[in-house]
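Letters A, B and C mark the chains in the order given here, with residues in each chain numbered from 1 onward.
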Amino acid sequence: MRKHALIAALALALLAGPAHAQISDGIVKIGVLNDQSSLYADLAGQGSVVAARMAVEDFGAAAKGLKVEIIFADHQNKADVGSQIARQWYDAEKVDLILDVPNSGVALAVNQITRDKGKAFIVSSAASSDLTGKACSPNTVHWTYDTWALANGTGNAIVKTGGDSWFFITADYAFGHALERDTEAVVTKSGGKVLGKVRHPLNNQDFSSFLLQAQASKAKIIGLANAGGDTTNAIKQGAEFGIVKGGQNFAGLLVFLTDVHALGLEKAQGLIFTETFYWDLNERTRAFGKRFAERNRGIHPTMIHAGAYAGTLHYLKAIEALKSDDGAKAVAKMKEMPTDDPLFGKGTVRADGRKIHPAYLVEVKKPTESKYPWDYYKIRTTIPADQAFRPIDQGDCPLVKK
Amino acid sequence: MSTLLGIPPQALFGQLLIGLINGSFYALLSLGLSVIFGLLNIINFAHGAQYMMGAFVAYFLLQYAGLGYWWALLIAPVLMAGLGMALERTTLKRLYHLDHLYGLLLTFGFALIIQGVFRNEFGSSGLPYPIPPQLTGGQNLGFMFLPNYRAWVIVFSVVICLGTWYVIERTKLGAYLRAATENPALVRAFGINVPRMITLTYGFGVGLAALAGVLAAPIYQVNPLMGADLIIVVFAVVVIGGMGSIMGSIITGFALGVIEGLTKVFYPEASNTVIFVIMAIVLLIRPTGLFGRAQ
Amino acid sequence: MSAIRAELEDGTTATAPTVMLRHQAVAFVVMVAVLAVLPFFVYPIFLMKALCFALFACAFNLLIGYVGLLSFGHAVFLGSAGYVTAHTAKVWGWPPEVAILAGTATAAALGVAVGALTIRSRGIYFANITLALAQMIYFFCLQARFTGGEDGIQSVPRGMMLGFLDLRHTMAMYFVVLAIFLAGFLLVYRTIHSPFGQVLKAIRENEPRAISLGYRPEHYKLIAFALSATLSGLAGGTKAIVFQLASLTDVHWTMSGEVVLMTLLGGLGTVFGPVMGAFLLTTIEHYLAQLGAWVTIVQGVIFVVCVLAFRRGVVGEIARLIRKPL
């Protein structure tokens, strides 16, 4: 129980006065909030904490005299748990920045609370493009990816490379619907056709009946508008039913390195999807990948982990320049300063909070093509940064002047 | 192309077959639950977790001992049965004199512990387990491509289910079991070791769950949560079939698999709910289930 | 669950019908005093969570401890009230007290409906059918547009209570929640220690006899069920305002499992047990949130330990020590 913490916090707030000229209580406290125990534990989880720590070290916080502390908690994919932790962190534990937060529902809740309390929020995991659209906030930066980028990257690129007839297998909840809707829009705009769609319950074990329908449709591409276990299950069972052998291809709309690892190349080969980071892209990402893997039980970084690292790094640079950790000001500074990190290269943070960087259309290698552990992807195309994300005027973000 | 109920008949048959395959799992799992409830009067809420452990044993056997699927089919159920019996001996035994609901709560607690521990250790992305080489590939049946492994699942489940039913309903051992359910004191007076039978029965039920787990490992991802929501569905199957009725569980398991499969074609969003709707209806009309006896 | 109650009953005396027993009154005063002072030392949002769950557990305990029915789907009352309150407050702009009442009324109506369908069963069958109906309601909440599905209903305004009390101030919110909790608690207490409660007890102990005396058990059980559902709804509606959010978690069957655990841990069939159980469990979950999957493991361990060796629960054991019912 926090003894006197509330009184202390109140007193400090009164004494601190206008806090813009100093780091609150001398410590920059970063809270990594994500799913540590279920659906998203491997693609984010402890790995994001490791990534954040690496960012703090690489920034050289200690040498610069900046005290940074990192704490973490498990929101269990529940909006109420997540929002309670966020509130507690901001009210009683003096956290300045919340990082990560997979699960759009939780992210939206934290987004609101961060805004109410004037802190900062860097989303690395959640997908909802509403975070830089209707729900955009001056206290939030949306890193890594969003549903629009995925739909656009994967949909566009696949149609251009010949995949012009689609069948959707969609998780029946808001995120799945959004992904399906966005991808369908892109496919039809690029000249493709959607031959059918089917919705399945979230966390579904058995896809055989949906796969059968997909096969019967004879669509060239089976779009998987789902994530995590649903995606890997669909793919695994697809292999059983000879989908790929029968000439159809899966398009994963939200797939991570860890999903491919769980499936194994035998089952995942040929899968096409969009990511914004791959550890084996270039020398700098490779170096990061190896260092990260050593600290994370051999698991190589997903784009989420990369986003956690890069976001933290940019935040610390902003704090250093600003000499204050006030939430809205820090985010404003992050938008002002161009980004440059070893993982995403050079980029910017837009007025609506959207971080801009290139995206990559990747294809999973065949088992014979993979030469060393975690050598899973070949890059099909690079989507330039200015095309990878939704144009700023199409998002209905109130912060953006029309 | 002519259509039946709005979709081509070939597609319908395909879905029915798929439903039958799912029904096999429901039947196997509800069989174990039913056997346990029949004799011990305990709802084994840990059944889903034990199913999951069966799949994990298969995974470990492959990973660390190089023993493949066929070995797992043999070893996993026996191993889990042993663990189940140990559990029964040390904990469940103490609750028989109390309200049955304590047994439910205890096994619920075990399920939470087991699932939590496994989740801690193995995360939840799922671990890969290959289909045994003898069963890969499939048959093109014209209206669908049926993977060999799935056909094997149906055949094997039917054999196990019928075998179990036969043992319980038609053999002397089964007769003792059924008698012990009705009047343990009297059966004991005849010199039959009823507590031991109860222990063995629990072990057998758990073994059936583990067997289902091994069967599931190649086609569903081996992950710590694989039994968590399944247990509620199996629960429903047992209740509809009639608690304690062996044939009831088997028939209902297959039937509900088929019904769920059909729902997936016509109204997929409801495929999770349809079993509960049926359960609610059945319970309101016949509170002891379709084939159950009044307790 | 008559066997459970019988076990708890050893050594405890009969309850007086209208006046609060002295030691219980003392305990009540202590509880109120502690709860009034605590928010100045402990993070109030955490306390409010515990209070909402305490009310939920008290409502649940009415059903299991005093009627003897284990409902494995009680979360639906908590959750559906939460959704209705959230919706009316956010989308229709109703003031918080009306929104909470709306939620409570919804839970009451649902309680009557579910109760009417299920009250004829008992024991395991009752648990089954409540679970089945709960699952159906869960899937309805999942599909229905207004609940927001996986995202839930977010950014629910705290509003102005009775037109003048700004609930955005944490302390104001806290004392409102405390008042609601105490009202619910006292209502449960009055129900138990009333002629109605006596009849319930009679039914639980010997139903055929009660029938022969002219009582209709179904009616009494239904009323108790509806009351339990209503108070659960009150807890759910309040919770939605406090956390400014209504989500699927509150209608999922694991939440039903949690309230069982709280009541079991605190002490089935005791007056203060559910409150203790709710506070203990909320505290444990709060501290273990840092440790991820350990939450479920610890919950499981508590279940096992309670069932095997600690069936009276914390308050039950204390009651046994002082030889008075609590």
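As a convention for this text, a contact is a pair of C-beta atoms (placed from the backbone, for glycine too) under 8 Å apart; a residue touches a chain by one contact, two chains touch by 3 or more.
Note that the structure is predicted; figures quoted are calculated from it, not measured.
In terms of inter-chain touching, the protein chains here all touch one another pairwise. Between the chain pairs B-C and A-C, more C-beta pairs are in contact across B-C. Computed centre separation for the pair chain A/chain C is 38 angstrom, with centres defined by C-alpha atoms. Each chain gets a centre from the mean of its Cα atoms; for chain B and chain C, those two points are 33 Å apart. Across the assembly, chain C contributes residues 143, 292-293, 295-296 that each touch 2 or more other chains. Among the residues of chain B, those touching two or more other chains are numbered 119-120, 269, 272. Shared interface positions of chain A, defined as residues touching 2 or more other chains, are 37, 41, 172. On chain C, the positions that touch chain B within their shared complex are 1-4, 7, 70, 117, 120-121, 123-125, 127-129, 131-133, 135-136, 139, 143, 253, 257, 260, 264, 292-297, 299-304, 306-308, 311. Considering their complex, residues 40-46, 49, 142-143, 148-152, 154-155, 243-245, 247, 249-250, 283, 289-293, 295-296 of chain C touch chain A. Across the complex, chain C is touched by residues 1-7, 36-37, 41, 71-76, 78-81, 83-85, 87-88, 91-92, 104-105, 108-109, 112, 172-175, 202 of chain A. Chain B contributes residues 43, 91, 94-95, 98-102, 104-106, 108-117, 119-120, 232, 235-236, 239, 243, 269-270, 272-273, 276-277, 279-280, 283-284, 287-288 to its touches with chain C in the complex. Across the interface of their complex, chain A is touched by residues 8, 10-11, 14-15, 18-19, 21-22, 119-120, 123-128, 130-131, 138, 144-145, 147, 149-150, 219-221, 223, 225-226, 229-230, 261, 264-265, 268-269, 271-272 of chain B.
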